[in-house]
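Chain IDs A, B and C follow the sequence of writing; residue 1 opens each chain.
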Amino acid sequence: MTFDAPTIDYAGLSPIITMTAGLVLLVLVAVFDGVKRTAPAIALLTLATTAGLLIWQWDADTPLLNGSLQIDGLAVVFSLLVVISAAAAVLLTIGDPSEHQAGRPDFLALLMASVLGMVMLTMASNLITFFIALELFSIPLYALCGTNLRKRESLEAGLKYLIIGSVGSATLLYGMALIYGASAATDFTGIASGLTEGGLISDSLTLVGVGMIAVGLAFKISIAPFHQWTPDVYQGAPTPVTAFMSAATKLAAFAVFIRFFLVALEPMAAEWDVILAALATISILVGNVGAIAQSSLKRMLGYSGVAQAGYMLAGIVVATQQGVDALTFYLAAYLAMNMAAFAAIVIHERQSGFSDSIESLRGIGRSNPLVAWPLTIAMLALAGLPPTAGFIGKLYLFQALVEADWTWLGVMIAIGTMISLVYYMRVVATIWMSPASDASLQVPSGEPGVDLDSPRRWYLVLPAILGSAAAIFFGIIPQPLVEFAQHAGNALAALIS
Amino acid sequence: MAIEWYLVLSAMLFSIGFAGVLVRRNPVVVLLCLELMLSGGALAMLSFSRLHGDGDGQVFVLMVLVVAAAEVVVGLGLVVAMFRRRIPLDVDEMKELRG
Amino acid sequence: MLSAILWTPLAFGLISLLAPRRFAPWVAGTGTLITLVLAAIVAIGFDSSQGLQYVVDVTWIPGLGINYSLGIDGISVFLVLLTALAWVPAVAFTASRGTDRAGLFYFMLLAGQTATLGAFLAQDLLLFVLFFDLMIVPFYFLFGIWGSDREGVTAGSATVKMIVFTLIGSLLMLVGAVAVGVIAADGGQLTFNMAELAEKGLPSGSQNWIFWFFAAAFLVKMPAFPLHGWMPDAYRAAPLPALAVFSAVLSKVGAYGFLKVVLPIMPDAVELFQTTMLIIALGSIIYGSVMAFTKIDLRLILGFSSVAQLGFITLGIFALDSTGANGALLQMINHGLVVVPAFLIVALIAERTGSEDIGPMGGLAKKAPVFAVIFLIVTMGTLAIPGSANFIGEFYILNGVFNTDVAIAIIASSGVALAAFYALRMYQRTMHNPLPEGSDSREISVRDGLMIVPIVLIMIVLAFCPQIILGDTRDSVDATVAVSKEAAQ
């Protein structure tokens, strides 16, 4: 009896192999005291190598490991964005108190594990790899949220995220079981053909399965009404972790959302698009209205993330290649704005002894330009004002929606943006248009974790400046980013009718 | 046996687990209920695998067991960390973050 | 050439942001003067028989079908010149008084100029929308940071209200603009070039809802009567030089948008909603005039007067009559020319009396005859006395409306009379009667005079020779109106 070993495409697998190697190296480094200080360098090196390998595989379009993974334009583009987000998080983590408590290499090892899961998730083309990759990126994140051991909120955030996230995963699993039952296949293209041939497209159990998978993913990307954990976890977790979570989880989850819904469930598009449109609308409204009442900056960004996820979900509703292009562009722009905003928040927090309230930003336009300018640009970009990439992103989404006859959803996005102006502009107004806060808000420098010199740390300033520069640059010269986004859409072109 | 019974059982497991997550206050019990939900999904997967005569579902379930174990480990780790710091172990009482 | 006009203000604004504080006013001033010279060259070289000139057309975002496409025609040539002209005294005034954080101020002010010029020069619909949205951002910062708080209303909250109102309209316009391009393309090549879109045309049903999305944006900008809620607080909070250009030029972009975008691309909808728009315009005229008459804050008098004047302009445009439309365009220039000196005079009055309320004022003409004469000319312009260019503009507008709907024309004429009431009241209360305690009437200084007198002189010249403007604009305006009139047949 012969054994047909599957062919292993090492070139295509190289990003995953590199991430795993980096992860293992970091775990080993944690054991030996002498080398602990090199951990961030190792992490950044791993991420840089992975990014390089992904760029090397730019034009790949091959199934890996017998069809369980697929490396193509979509995977490469989204993985690159995840890697950039992780690199920013590594930089922001240097000097963070939670990192000291949890141990720097362990922290970074967990981060690398999560990135590994995300990279796998962008490539997943089989239900099994979908589930494993999803869990691989989520479970380290639960732990990372809880790493600030001295703060009660951090541990609560970790446990809360774990419980709610696991409910999502279990729901996802059950939905997968139903889909598997309906189509007798676990790989995405097999599911598409299995559903059409089996004639079970309109069967109620299949629809329940699709719904449950959508719910499971909705938990991850914080789509309302499954977003309840978002404000609490964003506020409680250490800020570099929040920075990573807010952009990267959306990136990875949307990648698999695109691949699953537009490849595996493509025959059923007419059934699920209205449901997703409804979810998007609810997210837009709940997220924007919820953000208005917040006085904590991180909670506000959590609610605003819910609304932004609603805008992004509209790109999937249209089920066209242009929708995927628009969604990718918007996610890339969102990554830039997010990086700028959270880097500025980290600098501000370290300087002021961890006050997270919007009030503490009073008057820093004058006193602290390195925090004020990135935050302002990020707020303007999130609101979708020119000349930022946020404006072009919204424009791109509108175009995709109108072309596919979903204009009313475009109007919903416009309405959501109008509401969002209130809270984004309020942050800008507090920064620039209020007198500076009085000295009583300053924490004496004896307290641990306070770093009055934080605006001068290059590793904090670099993500802030890069993020703001990208947000403005791609608002003025968007074509490179448009082509980058279209590379992802092209990968699916053959599979979407 | 017809597959419907297995599916009904798996749905019951899932629902009982879900209800438990919502209702119970002790985090360890909540983790237990999460395991119940995952088991419900796994059972459904197994029954469909039997229906189609396909090995995929069974392989999937083996993976799910590993993942479930990892999840519980992290969860219990967080619970222990909270216990050591004398934080009350009551899911409903996690009010620090309410806002 | 047009790119040079467009980007010079922003370039100089960036330099003044980064330059040492002492040089910032000089850099900014130079930037505005260079822009003015370039605009003047273009205006003088403009040949009205040739349609769109100095065209720039570069692909910008092929993935989205948007081109960097500029051009100047009879409608925009004098509006561009007005923009270039209006910023000069604003910068000069700020430079002479000195300001806090000068580099940032000039950067924002000049960025605003680039955005406004962009709105006038853009020939690609989405580029126009981009500049339209961009216009409000620097002014948000200008009003919010350098503005003044009033009872109960901080500068910050007034300006947030302004930007929210404006962006509600602008976002609807963005959706509408994307829809125009997509529907007109109808599966073919996607383009947002305004001339091509006008040729392709849209089905009537789409035109109707898209019309209102664009109208929302333009009506908020002007502002027109039902959507003017942001105006009082914003006008009271704003710093006066920035308010001068804001009221003079940015409000015109709304009217320009109707002429340039709505009339050519949505002619059927224009014809259908003509009466509605005329009634809205009438509402602005009456409401604005009545409110101007009852206010005692000089800024609000001028602000509500602007509402009324923009109402007249809208009336002229939607009369769908050649005379009316030409009058509307002439009025756009006239009103801009009147408003800039008017707000600077308010600033001078505030310096002399310590307040901007006309209640306790009086007698400023006593030792300042030149100042009084300048202010009188501006006031006469505001009320459109026969002999001023504003009179000719309003006459043309009313003539055009008379051809369309006699009743509306008659009611609108009462607006002219009301203008006389509030303008003369404003002048008399500030300039005549005895001088109260605490006020210091002094003659206008040469330096201040140099900022205001040139524009006043232009007003006088235009009063004698409106043909300077009407000659060049007639062909373009008539062509625009003809498209809609055809639909009406």
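Convention: contacts are C-beta pairs under 8 Å (C-beta built on N, C-alpha and C of every residue); 3 or more make two chains touch, one makes a residue touch a chain.
As the structure is a prediction and not an experimental result, all values here were calculated from the model.
The interface with the greater count of contacting C-beta pairs, when A-C is set against A-B, is A-B. A comparison of C-alpha centroids places A closest to the centre of the full protein. With centres set at the average Cα position, the gap from subunit B to subunit C is 64 Å.
Note: centroid distance subunit A to subunit C, computed from Cα atoms, is 43 Å. Note: centroid distance subunit A to subunit B, computed from Cα atoms, is 25 Å. Counting only residues that touch two or more partner chains, subunit C has none. The touching residues of subunit B, counted against subunit A in their complex, run 10, 14, 17-18, 21, 27, 30-31, 34, 37-38, 40-42, 44-45, 47-49, 51-52, 54, 56-57, 59-60, 63-64, 67, 70-71, 74-75, 77-79, 81-82, 85, 87, 91, 94, 96-99. On the side of subunit A, the complex with subunit C involves touching residues 325, 365-366, 380, 384-387, 391-392, 394-396, 398-399, 402-403, 407, 410-411, 414-415, 417-418, 421-422, 425-426, 428-430, 432-434, 478-479, 482-483, 486.
Residues 60-65, 101, 126, 130-131, 133-134, 137, 140-141, 144-145, 154-157, 159-160, 163-164, 167-168, 171-172, 174-175, 178-179, 181-183 of subunit C are the ones touching subunit A in the complex.
By the touch criterion stated above, subunit A contacts subunit B in their complex at residues 127-128, 131-132, 135, 139, 142-143, 146, 149, 152-153, 155-160, 162-163, 166-167, 169-171, 173-174, 176-178, 180-181, 184-186, 231-233, 235-236, 294, 296, 299.
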